[in-house]
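So, here come the structures, one by one.
After this come two complexes, each holding chain A, first together with chain B and then together with chain C.
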Partner chain A sequence: MSVTEAPPVAKHPGETKTSWWKGDRSEPVRRNLGLVGVLVALVVIGAVTRPELYGDASWVQNNVLTILQQASAIGVITVGMTFVIIGGGIDLSVGAIVALAGVWATTLATQSYGAGGMIFTAIAVGVGVGLVNGLLISYGRLVPFIATLAMMVAARGLAAQISGKQTQVSANSVINDIASTRVLGIPLLVYILAAVVAAGWVLLNRTTFGRRTVAVGGNPEAARLAGINVRRHTVLLYALSGLCCGIGAIMLTSQATSAQAAMANLYELDAIAAAIIGGTLLSGGRGTIIGALFGVLVFSTITNLFAINNLSTEVQNMVKGGIIVAAVLIQQFRYKSLTNLFSRVKTG
Partner chain B sequence: MSVLDRRRLLLGGAALGAGALLTGCTSNDAGNDAQVNTNTGGDNANAAPGQKVVIGFSAPAADHGWIAAITNNAKAQAAAYSDVELRAVEAGADAAAQRAALATLLAQKPNVIVLLPHDGKELNAFGLEAMKAGIPVVNLDRAFPDAKAYRLQIKGDNYGMGVAAATYIIAQMQAKGVSAPIIGEIPGIDSLELTQERSAGFRDTLTQAGFRVANRRPAEFTADTGQRAATELLQALPKVDALWNHDDDQGIGVLAAINQTNRKEFLMVGGAGSKAAIEAIAADNSPLKATVTYSPSMASSAISLARLIGQNKGLADLVELQVPKEITLASETITKENAANYMKLGF
Partner chain C sequence: MTAPGEVVLALSGVVKTFPGVRALDGVELEVRAGEVHCLLGQNGAGKSTLIKVLAGVHRPDEGSITWLGEDFHPATPQAAMRAGIATIYQELDLVDDLSVAENAFLGHEPHRAGFVRRADSAQRTREILGRLGHPEIPPRRLVRSLPAAGKQIVSMARALSHDARLIVMDEPSAVLAHDEVGNLFRIIRELTAQGIAVVYISHRLDEIREIGDRVTVLKDGRTTAANLPARTTPTKDLVSRMTGRSIEYVFPPRAGREPGPELLAVRGLSRDGEFANVDLTVREGEIVGIAGLVGSGRSELLETIYGARRADAGTVEMRGKRLRPGDVIAAVKAGLGMAPEERKSQALLLGEPIHRNMTLSTFTGYARGGFTDVATERAKAQETADRLHLHPRDVNRAVRTLSGGNQQKVVVGRWLLGDTKLLLLDEPTRGVDVGARAELYQLIRGLAERGVGVLLVSSEVPEVLGLADRVLVMREGHVVREAAADDLDESAVLDLVMAGSLLEGEALA
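== the complex of A and B ==
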């Protein structure tokens, strides 16, 4: 079961072998380089528009760390989302799971158990809700869109119920300090993001779990015939997404020193968008963790660029929308298809 | 027992245990902090129990501390009167749901209806209908466009909040001798009219003093968005003199961001007047030096006034025999000096 598709069509008649660079195997690398290009372009725009800020080296260093820190919680959630999408599903409930996990972890009763109790609660709630999603989808045979849409509404409802619609302030200094702690000058949140991304990369690319995810997403029937327990694997994927939400909930709770039912609003859209512009195929079977990380960083950098220029968030949202559309268009007309298109235009 | 069975038993047991542990962790009793006028004895003739009044009440089920306080206050104030019976209906998620809920309320023929509409324009027709049926409507905070749609309108002053925040900042800057201060603003949801009014009041007043807003990053009335907006704003402005955050609920996140970025060279003004904000102002150990009120105590006052309308009484201090038609609360500035007086009004 391999990610790669059939060998690409030779660019010119007579050319028998395609170089690695033009081949399909390097497609994710090329796309990631494209995203790096976008990031560089955004930084250049920032430097041109605000030269006095970019002239200060310590400000620039701090700015990079701020962008990474702002990307940390949503980045962790996006890793889980990327697995679900590669596995052929979608999880619309991630924002709601974060809210439920955050609220549950900051009730007065949970807080009385200390930081350990709060972290355990957030992760257990995340995994638990993810398991319910997975069971509904694989054994209840609900379409992922419907099951997680229902969970999105229900989990936010439960969060509002538990919190009594109030903002629950975390009085736990260990939790609150996660967001302000720096190790070797780098925020702890950035280390957590790096650890989750690294773990996600290894899980996807170096384990049977990852291979199975790609197989299940690419062609579930073939995967089943190949002996993979597709249902159980699907349950695990949603539980994994829930786990990431639980970790994200702790990070976000620490940053805001509080939790409430409306927190992490619309994070599902940001996570899906980041995964998609990172090259994850919405129909499943293909995607990369590194690409998703770059997707999150692109969004985080755009927000930063608009902030330092004091531009309105309305325009920012339009630009974000434009980038998503552009990324999906590129996904449809990938390098190969483009060259085909051009050769067709030339000959026809 | 096979290995698999044992594993399943262990996993199942662990899951059940975790579930049981978690359900024990939803308790959240923090006591009741409602703002109630308890001045019901002594020389206040209006407070004496009178004719029984059935008050119908409806407010959106929002997930924000302010709206939660509105409903809590209304219920607590009604409970403080022996002659008031409150019939509260859930307003649902939007104007259509609230209209349906209000229709059932109307059928119960209460004496007065107190209503915080999802949207004043969309529920204008209900106001007209109820008034036509002879039931006085008290509009809470979100005005009906039609003057015939309400008997009393009681609301906060959004423009005035901006004016009050700017006035405080101008005075502080002039006292410190800062002639061209760098001022940041963190509004709530930017598409709302109330946010635009607050920002307009802030901007207009600053302009009169020759000041301007250097950067404006909207949040969404939640602590996590407040934290994000404040982090972005502080990163964009390496030096800040003053900051106005429109909402104390999102201010929890704003203060967290200030703490995380280790910035304290500026003064911050909050908005609404939450208990946590008033306590922080009194403690005077953070950049938060003041907050301008938009108090949910208006719900308590609305119930008191609805009772007077139902009993056909006026306000004791006024000459008129009836309750006025419109009341706009002043936006008050809470500072360290007067924080103690406002502590009971914090929500």
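== the complex of A and C ==
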């Protein structure tokens, strides 16, 4: 009544036909489109630099599976990280948790319990360390950055202690076979990633847990006054991140058929960067799982691009840094220019 | 300076659209030097958008603005300030982690060779605060540590720190108590005496009568009446031009029914430096009002009852069961709900849609097995939005894009949804327009008739007296009087609220 709605949007209030380019709902779509664009560009660069490889259809198919397989463990970890960041925190200890969980799961003692014991140990260690993080942050009132930074150092130290700085080989064939198993021609690891992403999406978008995560990250004071248990939820978020690290540890251990204290080095940075370029707000309150997945895929495609061109990791890291900045800039540019363009079209 | 009475600002045919909303749709406005020009309009009529266009925050899509005889297109807020237009925004825009002086001179710090002259800006801030009647606010104090009213004073100081020729004030009185408003009016009179023009926005007609010279009315982004005399235009004319209908600004009649058994019992509740030894009860179906100045401890009391602050002494019982101090979750489980004072920082998820904000404390109740039921949530939110006449009605819209008064309706609406047994309302009608206010009163009274207990804090004495069955008057952290609302009148309450009343002895008891 008091608002003159510009046609054709929401002429009948209640039945809301917000156009796809604007409104909250569609923003993730727009951001993801930007990332898909980056992905396409990377593939084109690959095809231009190595045309002979891209001419071979079976090579291309294999390469795609390789990229997905390489994205699998970090993808799982990024899902946990995305929840933590949306919930207003940050987890710098994910790489260290993966290392600790991997090392603990491959000690001779643990291996004597078989594959089940190893998986259980990795997950229990991940969740346990995550709980400690969460408790320190919520009840110990430590800043997430500091608490998880301390945990990052401490967990890697403990991993080195347990392993005696040795590489621990996994003698368990069930664990080792996870990485080499294919179902319908697709690696099992990719199914695990898909399952975790799907579960993460449902958890964030369809459950009370996800709703609380957004509220706690968006405005903790408002969430508290609305009767949400902010502290307990914060603990659960870090435990969830730890859980993802435990799963990731098994995946990486299987891929390498071993674990060591230096594994998953700097994974925290990759996971944070993937979440952020996927549209998660570093200050909390907003983010998407699908965007984070695209972020991970962009990174593993870059790594792959460098591998097929036999370029060094140093150059690769420089380019990665550039891509992070570029992706975020492109998204901002797209957002602004589109909004301006359409509001102009509508008035004009 | 401009001669008094000369037109300094003229707007014609100004249009501003946001995606899906035509917020301004042909606004005409003419402001003269030395006058107080009031803007009236319902929530969402476009008042704040209009002043943001003037302040260089938004750029108009169409129309012309003439400022001091020249075409005016401020590209940035700095440009508008340099041109002599200072703005006090409806939503406070202070930097919490800077000091009072740093906020006052933000963006135009006195400096020499690139260094801020801190002593100079502190000195000038002190002068301005003195003029504002608040010499007690230390210029070096962090803004974060000030109460809401103090922050409002600082944003006023910021506007005065520019040598502005037009000062725009968007609902400045909304967070001020009665005596503060008097202070504000004194300053406005000083300013206009110097030939400075003031554009004043408020939903309180009595204020417009007192301070205003001319009134321009907006409805749906259009000027429906311009330059009406502020003092003599009949209220029903103003209201009907705002709303297109005539609304009586009255309180619904009391049911005359005896309230039920005791619901809330507060005994000896104290918090150091905030309030001391407060006893109060609320019965089922009863509305209890708390009157008092900002700083009298009313909001703190409400938050302590709710468990958002931990009491130093005393107990809170809900239906005879003691509530754990400092535990909001326990309070909500026991059936309490609170609409807090500061909607932006304490209540809203600005980026989230209206329906999610409205269901923030009830979504768990609609959920099944941990899965949210968005369809039900949206339907319930839509129902409440309609009852509160929310504009726009579309509950999928982000709360950020709502006007101030409509954001307030979302905050109150949240607690109308659940089966709250005791509702704590802190300034529930802040920024809400006349029509929606009547609606809100009706809803609150309706809740009470269904047996809900209500504890209401308001700076507007008529609101407390008109809505509540029983009234507590607070001063400096003490309850100085408790009486049936019918036994009090506005001037008696104001006397009590200000210092130096006959009941001084009672306050210390």
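Operating definition for what follows: the second predicted complex is superposed on the first by the 304 of 348 C-alpha atoms of A that agree within 3 Å, B and C clash if a C-alpha of one lies under 4 Å from a C-alpha of the other, contacts with A are read in each partner's own complex, and residues count from 1 in each chain.
By definition in this document, a residue touches a chain if its C-beta (ideal position, glycine included) is under 8 Å from a C-beta of that chain, and two chains touch if they have at least 3 such contacts.
All of these numbers come straight from a predicted model, not from anything done at the bench.
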Thinking of the overlay built on chain A, is A:304 touched by chain B (first), by chain C (second), by both, or by neither?
first
On the A-aligned overlay, A:109 touches which partner chain: chain B = first, chain C = second, or both, or neither?
first
Is A:164 in contact with chain B, with chain C, with both, or with neither (first, second, both, neither)?
first
After lining up the shared chain so the two structures overlap, which partner does A:252 touch, if you call chain B first and chain C second: first, second, both or neither?
first
Looking at the overlay, what does A:63 touch: chain B (first), chain C (second), both, or neither?
first
Is A:34 contacted by the first partner chain B, the second partner chain C, both or neither?
neither
In the superposed arrangement, does chain B or chain C reach more residues of chain A?
B
By the touch definition at the top of the document, which applies to A:124: first (chain B), second (chain C), both, or neither?
first
In the overlaid three-chain picture, which partner chain does A:264 touch, first (chain B) or second (chain C), both, or neither?
first
On chain A, the residue positions that both chain B and chain C contact, one per complex:
none
In their shared complex, at which residues does chain A touch chain B?
53, 56, 59, 62-63, 66, 69-70, 104, 107-110, 113, 117, 121, 124-125, 128, 156, 160, 162-169, 176, 179-180, 252, 255-265, 303-304, 307-310, 312-314
Report the residues of chain A in contact with chain C in the complex, numbered from low to high.
1-6, 9-10, 13-14, 16, 18, 22-25, 206-211, 214-215, 218-219, 221-229, 285-286, 339, 342-343, 346-347
Can you list the chain C residues touching chain A in their complex?
15, 17-23, 25, 42-45, 61-62, 219-221, 306, 308, 328-329, 331-333, 338, 340, 345-353, 356, 360-361, 363-364, 367, 370-372, 382, 389, 391-394, 396-398, 414
Touch list for chain B against partner chain A, complex
18-19, 21-22, 24-30, 61-65, 67-68, 190, 214-218, 220-228, 231-233, 235-236, 238, 249, 252-253, 255-257, 259-260, 262, 276
